[in-house]
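Both complexes below contain subunit A, partnered by subunit B and then by subunit C.
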Partner chain A sequence: MNRIDASDHYDESSFAAQTPSLLTIVIDTNPRAWAALHHVLPISKAIANILVFVNAHLAFGNDNQVAVLAAHTNRAVWLYPKSPNPDGGSYGRGQDVHMSGVEPELGTSANKYPQFAQIETSILTSLRALIDSTTAADLNPTTLISGALTIALSHIHKTSLAFEPPKTSTDPANPTTAAALTSSSTATPNLHARILVLSVSDSEPAQYIPTMNAVFAASHARIPLDTITLHGTPTFLQQAAFITGGTYLSAAANPRGLLSYLMFGFLADADARRSLVAPTQDSVDFRAACFCHRDVVDTGFVCSVCLSIFCGVPDGAECLTCGTRLALGAYGAKPAVVPRKRKKKKIARVNGSGGGEDTGSATGTPVPP
Partner chain B sequence: MSANANSLSQYLEQLPGTTFRRLYLQPSTAFAIFRRMLPHLAKTIVMAMLYMPLPFQLSDLEIWIKPTARREKDQAIAILRSLHIIQRDTPQSMSLTPNFRKSLRLALEGGGDHNSFGVPSTQPAPPEIDIAFLDRYARKKWDDILHYVVNSVGFSSSEKGSNGPKQSVKDLLLGGRLVERKGGGLSITQAGFTFLLQEANAQVWTLLLLWLEAADVLNANGASRAGMESVDMLSFFFLLASLEHGRAYNTDSLPEARKNMLPTLVDFGLIYIPPGNSHQFFPTRLATTLTSSETTLRSVSAGFAAANNGDNGDATQVDKSAIILETNFRMYAYVQSPLQIAVLALFSELKFRFKGLVSGHLTRASIRRAVDMGITSDQIISYLASHAHEQMHRVAASTHKPLLPPVVIDQIRLWQLDTERMLATQGYLFKDFDDYREYIEICNFADDIGVVSWRNDKKGMFFANKVDQIKDFMRTRKKANEGK
Partner chain C sequence: MADSDGEFQGDDASDDEFGHQGTSGTQPGARGQSGQNKPRKGGRKSARAAWEDIQRSWDAVVEGADGTLAGTIEGLAEAEKRARLLKDTTPLQRGIIRHLVLVLDMSFAMQEKDMLPSRHELSMAYASEFVREYFEQNPISQLAIIAMRDGIAVRISDMSGNPADHLEKLQTWVKQESQGNPSLQNALEMCRGALFHTPSHGTREVLIVYGALMSSDPGDIHETINSLIKDRIHVSIVGLAAQVAICEELCSKTNSGDKSGYNIALHEQHFRELMLAITTPPATRAQEQSNASLLMMGFPSRTLAAGDSIHYCACHNRPTREGYACTRCGSRVCRLPAECPGCGLTLILSTHLARSYHHLFPLRNWVEVPWSEARRSRACYSCLAPFPEVPSSRAGAKGKGKEDRAAPAPVVKGLSESGRYACEVCNNHFCIDCDLFAHEVLHNCPGCQSDTRGVGNENGDRDATNGNAMEIDS
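What follows is the complex of A and B.
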C-alpha cells in the first residue's frame, strides 16, 4: 500500500520537462585586439570554436536557442538571428525560423544538421559584412560592450515573453489567471537565459554607467553574465560576473584552448549549474569609474544622496548628478590631530582620576557625628 | 521521463555493446541518442569530456559536482554506461567510447563525408507540398492506424471514408499483440490500450520498435528479405529524426536496405513520397520530432491542430484534445475527433456531447471497467496529464500545485488497487551480506541509481530490478577493499 502514498509521483516532471535555455553570445570584434591576438588565435579559428560551442548548446534539446551579437568599436550588430530592423516582419526566434517554413537556403551539406548549417551561414555572412564595412576611422582601441549587452537583454526579455504560457488574450473574462501568471513567472522561469561575453579588450571607463545599468538589469532579471577573456582586462565585466552570479574566466594564458574553456566552464545552464561547482574568481577588481572624468579610481568621493562617484571634489561641493550641496566636513584637515587630543584628555583623566574619585567618595560618605 | 523514452531505452539497454559500437558510427545516431536519451547532467558531463585529450579522472568529477548532487551524478553515470557512451579505462578514470566521441564531434563540427543527415534532393519540390499538406497527410495516416486499433474495441467510428491502414501495418499490429484475432473479429489487448493512451510520439516509437523486433525475428529465421537489419534500421530512424520538416530529400543516395524501408515508412505516415516522383521523399512531422522533448511535442499537436483547422476552417479549436479535470471527478474534454472520444469513453462515463466538447465523470464503475479491460491507472493518469488543457497547466504553474488534482489521482489509483493487490517485478534479491556496512553501501548505491524496488534494512536484504551496475559497483568495491 506504500505505492499510493502518492508522494513520489508529484515530482515526476523533473526529468521530462527540461526548461529551454537561451544562450546569448556577445563577441567582441575589436580589430586591434584581434590583430594583437592573431599569432596565437586568429579570429577565424575563434569563430569556429564558438560555432562548435553554439552547436553543443543547441544539441541539448530542440528548445534551446541561441543568439549571437557582435560588439564592435562603434556599434553592436546582430550576427544571428538576423537583425529585426531591415526586414521587419519576418523576425523570428532561433528555431522558429526554419520551423515556420521560411524558405531555407538550398544546398546545405548532408553532413550537417540543418539548423547548425543555417546558423553557421548566418553568422559568417553577417560577420563578413561587418568586417567589410569597417573603415580605418573606426579603429578605436575599445569596444562598445554596453550596447551589445542592452540589445541582448531586450532580446532575452522578448523571448521569455514568448515562452510565457500563452493565450491570456483568449479568455478576457478571466483576468485572475493573468495576474497569477505574472507572479508565477518570477518564481519559476520557463526560460533559462544567460549571456556570454567573449572579451578581447579592456573596459572603456567612459562606458561605466551604461554597462553597470545593463549589469544591474541582468542581475534583476536573474540572467547570469558569463565572461571569458582572451586579451586585456575587462574590469567591468569581471564585476558583472560577480554581481549576476556568472562565471568569469581568463583564457589569456592559453587562448588556443578556447574551446575547452567554453565546453567545460560555460556550457552548463542554470539547471546544471545547480549541481556543479562553478569556477570562482579569487579576486575581483571592484574599482569604479568616476562620473566626472570617467577615470577608474581607487579612492573617490561618493554623493551621500545619489551615490554618484567623483574622483575629486566637484565645483562648489555640488553633486553633478543630483545637484545636492554636499558638506565636506573637515575634509583637508590633518587627520592626526583629533585622536591625539582625545588621547591627551583621557590620559589626563586617568592621571587625575585617583584623587578626584577619592575626594568624591570621601565627601559623599556621611561621617557620623 | 515520458513513456516513449522508457520503451526506447528499454530496447536500447538490452542491446549488446557491439551493436552500440556500430550504431555510434553514424553521427546522426550519436547525436540523436545524446539529445533524446540522456538526463541533463549527463549531457553536461559528456560535453565537458568531448574535447578532453586525456581520460577524465573520477576524482576530478567528484570535485566538479557538488556533494548535494551525488544522486543525480550516479544516475547520470549509470545511464551513460548502460548506453555505452562512457567506458572506464582504469578504475580511477573514464572516457567516452571512441566511436561515440568521433561521431558526436563530427555532428557538432559538421565535417566528414558520412551523409548521415540526409541528402537533400536537388530536384524542385512540387509546389503543393507544403508543411500544412504534410501535416494533414501524416495525421490522416496515423489516425487510420489508431482507428484500426480503436475499432477493434467495438466503439464504432463515424469516419468510414478511410479504408484503414495497409495490410503490412495490420500484420504488425497483430504481430505486436496490440490487437488479437478472436473468433473472426478483432479485439484489443492490454498492450493495445497502452498504445492508445500514449502520446503520438510514443506511439510512433512503439510501432517502430515493433517493426524492429519483427525484422529481428525474420532475420533469425533466415527469411530476411533484402537484408533489413535492426542496427541499420535504428540508425535510419535517428537519421529521419534529424531531417528538416517540409524539405525534399533524395532517395537515390540511400543504400538498398534503406530504400526497402521506405514503403513501410510511407504506410506509417512518417514520410511522404510524391506519386509522380520516386526520387524524392519528404519527412513529416511524425518523423522529424522522433527525438524531440516534450515541450516541442505539445507544439506538434498544435501543429496538427492547425493543419486540421485548415480543413474545416474552424479556428476556434486550438488544441487537438484538451481535458479539464476537476476535483469533483468531472471531466470536460475539448475534442473533435471520434477517435479521441472513443479513447475517453474507455475509462470515463460520458454524459453530454456538444460540438467540440464532451463532458463526463470518472466513476468507480468506469475505472473498474477500464482496469478489467487491462488499462492501468498509471496509463489513465498519464493520458490525462499529457492531454491536460492549457488552463490546467497555467493554474498549476501559478499555484505551484500538481497538474492534476491529487485527490482524483489517488482515487484512481485506489480504485485500481481494489482489484489487484499484488505487484510483480522481475529482478534479483540481494541477501546474506558479509556485514551491515557492505549491505548499506551497496543498497544505497542501488537506490541512487534507481533500481531498488524493495529494501529491508533490518534483515539486510534488498531487491533490485536491474543488476549490471550493482555488479560493477560490488566488484570495484571489493577491489578497493583488497587494496587497503
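What follows is the complex of A and C.
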C-alpha cells in the first residue's frame, strides 16, 4: 500500500531511520452490541474517536500507514483502503453508486490534511454502506472476527513483502544462509505491523479454530494483536493478546473514555513499547471447552489422534470425533479391591455413565471385545 | 564403503545443481534420488546419475514478446513458489504427538566448506530453525538432540517439550569444533535409549543430519537396525555429501520399505527444505492405528501471584510472579507445555492443541483462474493488490485464448495465467502471495472466513473434511 501516503518513500534516505509502521484496526460493528452501548457511546462518537487515533498514528511518522476493517455479523469488509473489486453482487448493488456519489464531495476540504480527509471519507462511506445493507436477518449475536483477522494478516503480509529489500530473490544461496544465521538474533523488520481490535461482542466458539489459526500466524510474524473491549468478553482475543504479546484492555467500565484508552494504551508501536510499561493482564483464562458437552474444563481427556477434548471418558472409550477406539492407559483406574457382598447399585450407575469427574469414574479399563 | 566413489558422485551432483538451482525447482528430492543410483550396483535399472541429465537454466528461458526476460523470470519465480504449495490436501490421520531425536553430525566431515559458511555452522543454524519450527508445528511433542563426534554419541539436550531448552543447549555447541569420526550405531543406540520410555500413542522418530560417508561402529549395525524396527522407531536421514548404502537401508527398513526418508541435500536451500519438511507430522500408517489412547491433560490458567508476593516455580526452582497452577495438585509451573513436577500430569495450553488442528483439517488447494473468468475481480480479495488487467484481445476471442494458454502451460505448471487463484468454496480470487501465505502460515481462507452469507458456511466445510478424514481412518 505504498500509495496510501502520497509522498515517495525512498528518496528521503535521511529519514530512513524510522521504520514505517502499519496499524490495522478491526472494528467490531455488531449492531446489537452498539445498540446496547448507544446511551453511553454511540457508534458515531466511537468512530470519531478512532479517526482521531488514526490521525495521531499517521502523524507519528511520514511512512506510517493505516488500514481499517469492519467485522460485521456475517462478513468482514474493508473500510479503508477500499476494495476495488466489483464485489460480485453479493451485497447491496446500490452501494457502489452511493459511494461514488459521495466521495468527490467530501474528499476535498481546504481545512484538512488531504490524507486525513481521504481516510475519513473512505471509512465513513464504507461504514454507512455496510450499515445500510444490513437487514434484520443479519443480526447475529457475534461477529466474524476470524475473517477480519485473516484478511488483515494477508494484507500485512503483502505490505511487508513490498518493504522487503528485493535482494532475496536474486541470489538464492547467500541471503538464505545469512538470514538463517541472523534469524536467531532477530533481524530488524522493515515494517512494524500491529492489529488493534475494537471489540464489542463475545467470542463465538464455532470460530475457535480459524481464530486461533490467525493468532498463530500473527505470532509467527511477530505481529502484536491488541484488543480493547467495550462490551462483552472476547476470551479468544484475550488469549490472542497474550500469545502475540499484544495489549488487552477492557474499557467496559467506562466506554466514554475510549479515546484516552486508545491514545495511552495503543498508540506506541512495537519499537516504542519496549521502553514503555504496557498494561498487563493479571490472569488469562486458558481453560478449554470440552467437545462433548461444551463444558469448560481445566482437566480433561484428549484423544491422541484428533486432539478432541472430553470432560470424561467417552462411552466405550471411543472418540466422539474420529471414532477411534482409544486405549485408556492407567487413568481413572483404581486399585483392585476385594468386592464386598453388599451391592451399591446406585453409585455404580452414576459412575458408569461417564459423567463429570475424571477421577470419580470407577469404570476401569474397558476390555476390548 | 567406497568412499572415493561416493564423494566424487556427490560433489559432481552438487556442482551441477548450483548451475541451475535458481530456475528448475522441480522435485529436487526426486533428482537427488536419481543421483544416488550407483551404476555399479547390479540390482538397479536405469542408473542415470544427476550429472547425466543436465538441465540448463538457459534452455528453459523463453524470450517474451517485447524481447525481455522479465516476464519469464517473474513467472518462473512464481511457479517455484506455487510448486511448493501444490501438495496433497487429503486430510490424513497424522501422528500429532511426536517424539523425535535430532542427530547432528559433528565429525571431521562437517568442516567441509561445500556449503557456506561451513557444513557445521549451517547445520547448527538450521538445527535451531528446525527446533523452532518443530515446536511451532508440533506444540505437544517432544524433542531431544544428539551429536556424533569422536566416534561416540554425545547428548546435547534431553527429551523435552520446550524449545527454549534446546535452543540454549544448541547455542553452547555452535562454537565447538567438529572433529573425530561419526558413529551411526552409537547414535542410534542412544536414540533408542532416549525413545525407550516414550508412550505408545506417540510417534518415535529419528532425524539424522549426516555429512560423513563413513561410520565407525563398535558392532554390527544391522542388529541395531533390527532392534529399531522392533521398537517402532522411524529413521529419516538428510545426507550432505553423497548417498551411503547403509543409510538407505536404515531408512527403508525402519519405514517399512519406504525410501523417501533418505535424501541428499543438493544445496543450502534444499538442505533447509529437507530439514523443515520433517517438521510436518508424519501420516500414520494403517497398521499403527491401534496405538491411539486417551490422554489426561490439564489446562491451567495463567495467574499472577497475589500482591507483591513471589512464588517459586516447581519446575526450575526460580522465583516468578506469574505462573500456571497444576489443575490436579496445584504445583506452580513457570512455562508450558510441561509435565507437572508434582503429579506428572501433562499441562498444556488449550491453544497448543488448537495449533495442531490445521494438520488435521488442511486448507484445500486453490485453483488457477483462466482469463475468461478473470473479469470478476480487479484486486486480490484479501490484500487488495491489483491484478493484471484482462487483455482486451482475450476477452472475446476464445480460440486465441486457448492458443495463448497452450504456450506457457507446459513450462510453468500450476501457474495461473491471469495471476489469480480462486478458492473453490468461496470463489474469491487471490494473488500468489496470499495463496502462499494462506496455505503455509495462516491455514485459513480469507474469503470463506469473512463471509458466511453464502452457501454452507465454514463450519459445514470443516465437518465435510472431517468426514473425509473419518472415512479414510476407518
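The definition used in the following text is that the second predicted complex is superposed on the first by the 236 of 369 C-alpha atoms of A that agree within 3 Å, B and C clash if a C-alpha of one lies under 4 Å from a C-alpha of the other, contacts with A are read in each partner's own complex, and residues count from 1 in each chain.
Keep this in mind: contacts are C-beta pairs under 8 Å (C-beta built on N, C-alpha and C of every residue); 3 or more make two chains touch, one makes a residue touch a chain.
This structure is a prediction, so every number in the text was calculated from the model and none was measured.
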Q: Would you check which partner chain A:288 touches, where first means subunit B only, second means subunit C only, and both and neither mean what they say?
A: second
Q: Check whether A:307 is in contact with subunit B, with subunit C, with both or with neither, and answer first, second, both or neither.
A: second
Q) So which one touches more of the residues on subunit A, subunit B or subunit C? A) C
Q: Would you check which partner chain A:146 touches, where first means subunit B only, second means subunit C only, and both and neither mean what they say?
A: second
(Q) A:39 in the overlay: touching subunit B, subunit C, both, or neither? Say first, second, both or neither. (A) neither
Q. First (subunit B), second (subunit C), both or neither: which does A:326 touch?
A. second
Q. With the two structures laid over each other on chain A, which partner does A:263 touch: subunit B (first), subunit C (second), both, or neither?
A. first
Q. Thinking of the overlay built on chain A, is A:112 touched by subunit B (first), by subunit C (second), by both, or by neither?
A. first
Q. Between subunit B (first) and subunit C (second), which, if any, makes contact with A:20: first, second, both or neither?
A. first
Q) Both subunit B and subunit C contact which residues of subunit A? A) 1, 177, 180-181, 183-184
Q. For subunit C, which residues count as touching subunit A in their complex?
A. 18, 21-22, 77, 93, 96-97, 116-117, 121-122, 125-126, 128-129, 136, 167, 199-202, 267-269, 272, 284, 289-304, 324, 327-328, 345, 349-351, 353-358, 360-361, 376-386, 427, 430-431, 433-434, 437-438, 441-446, 449-454, 458-459, 462, 466, 469-470, 473-474
Q | Complex contact set, residues of subunit A against subunit B | A | 1, 3-4, 6, 9-10, 12, 15-18, 20, 52, 55-56, 59-63, 98-99, 101, 104, 106-117, 120, 165-167, 170-171, 177, 180-181, 183-184, 187-188, 190, 259-260, 263-264, 267-268, 271-272, 274-277
**Q.** Sites on subunit A touched by subunit C in the complex
**A.** 1, 74-78, 81, 83-86, 88, 90-91, 138, 144, 146-148, 150-151, 153-155, 157-159, 161, 169, 172-174, 176-177, 180-181, 183-184, 206, 208-210, 212-217, 220-221, 239, 242-243, 281-288, 297-307, 309-310, 313, 317, 319, 321-329, 331, 358
**Q.** Parts of subunit B lying in touch with subunit A, wherever the complex brings them together
**A.** 1-2, 27-28, 31, 34-35, 39-41, 43-44, 47-48, 50-52, 63-66, 68-69, 72-73, 106-120, 130-131, 242-247, 253, 291-296, 318, 381, 390-391, 393-395, 397-400, 402, 406, 409-410, 413-414, 417, 423
